[in-house]
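There are structures below to look over.
Here come two complexes built around chain A, the first alongside chain B, the second alongside chain C.
On to the complex of A and B.
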């Protein structure tokens, strides 16, 4: 029983980590809550559905296309909505409201196009999973775990070592200073939206292989992603991954002795606890107050 | 004497206040030029326009005889116009050395692919950049701070690191906004020598400074602004004697020190 809960925690954590990673990457450069990140996740899943089921393209090619398009969509949201707001020097509240607006608008659009019912990406009979250490793990779950780890490590290495990664750190630190050393902050912001949104799209596709698609799936996903990012330390790349797995584990081990319906309550309980005790997260920079 | 940067008829106003009023000036190549003037004369506004942080209401800027069309800050930095700020802008969450490394150009273009495909070349380059960074820090006796987070520096140290970062960027034109303010006398001497050494390397400097002795001492050319207008321009000896300048600026100072 415990082993299965741990396994479930790891799988859920892999998805949370991917969402939190993209969210954190974007947060680092723009410093506001890109809530619409959740709907990019939904769109990734629905695009994959459209390509594989409706059009009938090879699943791997479909997923690849859907991930790229999710990236393009994130970039589009930034250029069409956030960029004009940045030019007007809009406040954080305006950005957050705009982000909610985009989220609801696109979610409703999906509902209009695909209907509110549950769809499924899976095809063929359900195959029994592998027995590993007293747990049952499906191939899909292995795929989720491996993809999530690979993408997390790749992104972490990229941000740590590449020129772009250094540019992201620079823009995150001070966009004005970045521009005087020849870094174009807008380009860096655009790239972080593109890469971050691809991660959200990938997470959306992976989860719909495991469960189902519905237009509102992005809402819980982004909430969990944000909680994971805050637990890990907002804006920190390794923190987002850690926070994702921590949240997945806590949720699943938390329901060991109590009903499964408490999962979300556990997640938000942890969020409130962190906000009260350590708002800077585990790997984040301690806030002024914590340092004193 | 050739002109490297030509500024023609720059105007900029904020809420009805004319911060720059049809300012034109030719920045001589390979010389130290200073902009002086009382507070609110438009010196920092001029710098902000020249580095793309403000869009002028009218006028244009030419570099090496060519009008600069794209005046975005990063473009100007890449074209060879670098600057420091009156209120220092460092990457606070990075180490002092990383601040300098970010400004250095990587000719091979450090993409992830390059990093994976040619790690030796990357390492050699990184190594050379680090050595160069430490050398620049040593100029201001800050090499021992290389690993320190920039936010932990004193304001004087931050100022010097920002200047070292500008040297790391290695632009042809250096715009320095009050580089000496808040520095102790010994460091001011070092900074003066560094500025003069840069000129022998062919760099062009334009700086804003309130320390009039420093200005008179090292400038080849002085521009005087008052209420957004250029009221005088010339070598230090002439500026010292200029009636309008004495009235607007130097006169007040002499009164104050008398």
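On to the complex of A and C.
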């Protein structure tokens, strides 16, 4: 029982980590809560569904296309909505509310186009999972875990070592100084939206291989992603991954003794606790503590 | 005709909600995203008292205001330490927790099945059956809310609220206990939302957790922002327009499977456009810092 809960926690954590990663990457450069990140996750899943089931393209090709398009969508959101706000030097709260607006608009557009019912990306019979250390793990879950770890490591290496990655860090530390040395902040912001949104799209596809698609799926996802990012110390990339797994474990071990319906309440309880007691997250990012 | 009156009752309930949220968000400058929690606890308190103990809706209404006020007391704690978007997130979280309790504490709230058969209001022994009678009752409460909140914001107390909004540290330096005002404003705003919840529960006669979601909180906030932060008249206009506007879709003969998401899309688009073009709203004096 406990082993299974731990395994479930790790799988849930992998998804949370992916969402939190993209969210944290974007937060680092723009410093506001990009709530509409959750709807990019939904769109990724629905695009994959459209390509594989409706159009009938090979799954791998269509997943790849869906991930790219999710990235383009993130970029589009930034250009259309956030860019004008940045030019007005709007406050963080205005960004957050605009982001809610985008989220609501696109989520309901999906509902209008696809209907409110549950869809699935799975095809063929359901195969029984492998027995590992007293738990049952399916092939899809292994895929989720491996993809999540690979993408996290790849992103971390990219931001740490590549030239563009370094410019992302430069802009997030000090946009003015970065533009003095010839880095175009707008380009870097666009890049982080593109990469971050691709990660969200990938997470959306992975989860819909394991469970189902519904228009409202992005809502819980982004809330969990934000909570994970805050637990790990907002804006920190290793922190986001750590926070994702921490939250996945806490939620799943939390329902050991109580009903599963309380998962969300546990997650938000943890969030409020962190915001009040340790707003910098476990890793304690000092610049954020100054802001609070 | 009854349909038009029904829309007016619903719009009036939202006017109370929007004005009470404006006290917290617009006048004091505290971005709170959990207003549906106060609305919900008022509705549940009043409904449960009536269903389990046969209490009069009037007692339920007062009890609903008190429990909502107490919840406001609890939820105001994050506001003492957090600012801006972080406070928005914490209050949003508190809202989700309250929703989660309404949904999962099945023994008391019957969870997603909801509470049917809530009795209506009576006045001096006569039941308020018709929509007309109910509209008068709700309008009376709109009047009461406008009077009380209007008096609050134009009093010395209200000037301190605006001072907190404009310059919190400055207000503290003037020797005002900022935390006391923040807690008070949350409790008062929450109590009025609780009244709105009670009015809603006894009018619709059925409540379930789906009426008190985060989307509801955002809708109320949108009414406040659209009408204008820090303007009570704005909140009235905002609430009425945003309730009536989507109803027009129904006249175009749209089935609800299309009208419902379309209505939300309008809200979403409106929120984005407002933030870009006019963040202070129609009649507002203040924009989010």
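Observations, loosely collected:
Following the convention adopted for this analysis, the second predicted complex is superposed on the first by the 285 of 292 C-alpha atoms of A that agree within 3 Å, B and C clash if a C-alpha of one lies under 4 Å from a C-alpha of the other, contacts with A are read in each partner's own complex, and residues count from 1 in each chain.
Basically, contacts are C-beta pairs under 8 Å (C-beta built on N, C-alpha and C of every residue); 3 or more make two chains touch, one makes a residue touch a chain.
Small disclaimer: the values here were computed from a predicted structure and weren't measured.
Look at chain A after the overlay: chain B and chain C fit there side by side.
With the two structures brought together on chain A, the opening angle seen from the C-alpha centre of chain A toward chain B and chain C is 100°, to the nearest 10. Between chain B and chain C, more residues of chain A are touched by C.
Of the two partner chains placed by the overlay, neither chain B nor chain C lies in contact with A:114. Contacts of A:98 after superposition on the shared chain: chain C is touched, whereas chain B is not. By the document's definition of touching, neither partner reaches A:64: not chain B, not chain C. Of the two partner chains, chain B is the only one touched by A:166; chain C is not. When the shared chain is aligned, chain B comes close enough to touch A:179, but chain C does not. For the pair chain B and chain C, the least inter-chain C-alpha distance in the overlaid model is 22 Å. When the two complexes are laid over each other on chain A, chain A has no residue in contact with both chain B and chain C. Residues of chain B that touch chain A in their complex: 51-53, 72-75, 77-78, 82-83, 89-94, 101-103, 105-106, 109-112, 115, 165, 169. Touching chain B in their complex are the following residues of chain A: 157-158, 161-164, 166, 169-170, 172-174, 176-185, 285.
Within the complex, the chain C residues that touch chain A are 31, 77-78, 81-86, 88-90, 93-94, 96-97, 100-101, 103-104, 214-215, 218, 221, 225, 257-258, 261-262, 264-265, 267-276, 279, 287-289. On the chain A side of its complex with chain C, the touching residues are 32-33, 81, 84-85, 88, 90-98, 100-109, 111-112, 115-116, 219, 223, 226, 230, 259, 261-262, 264-265, 268-269, 271-272, 275-276, 279, 292.
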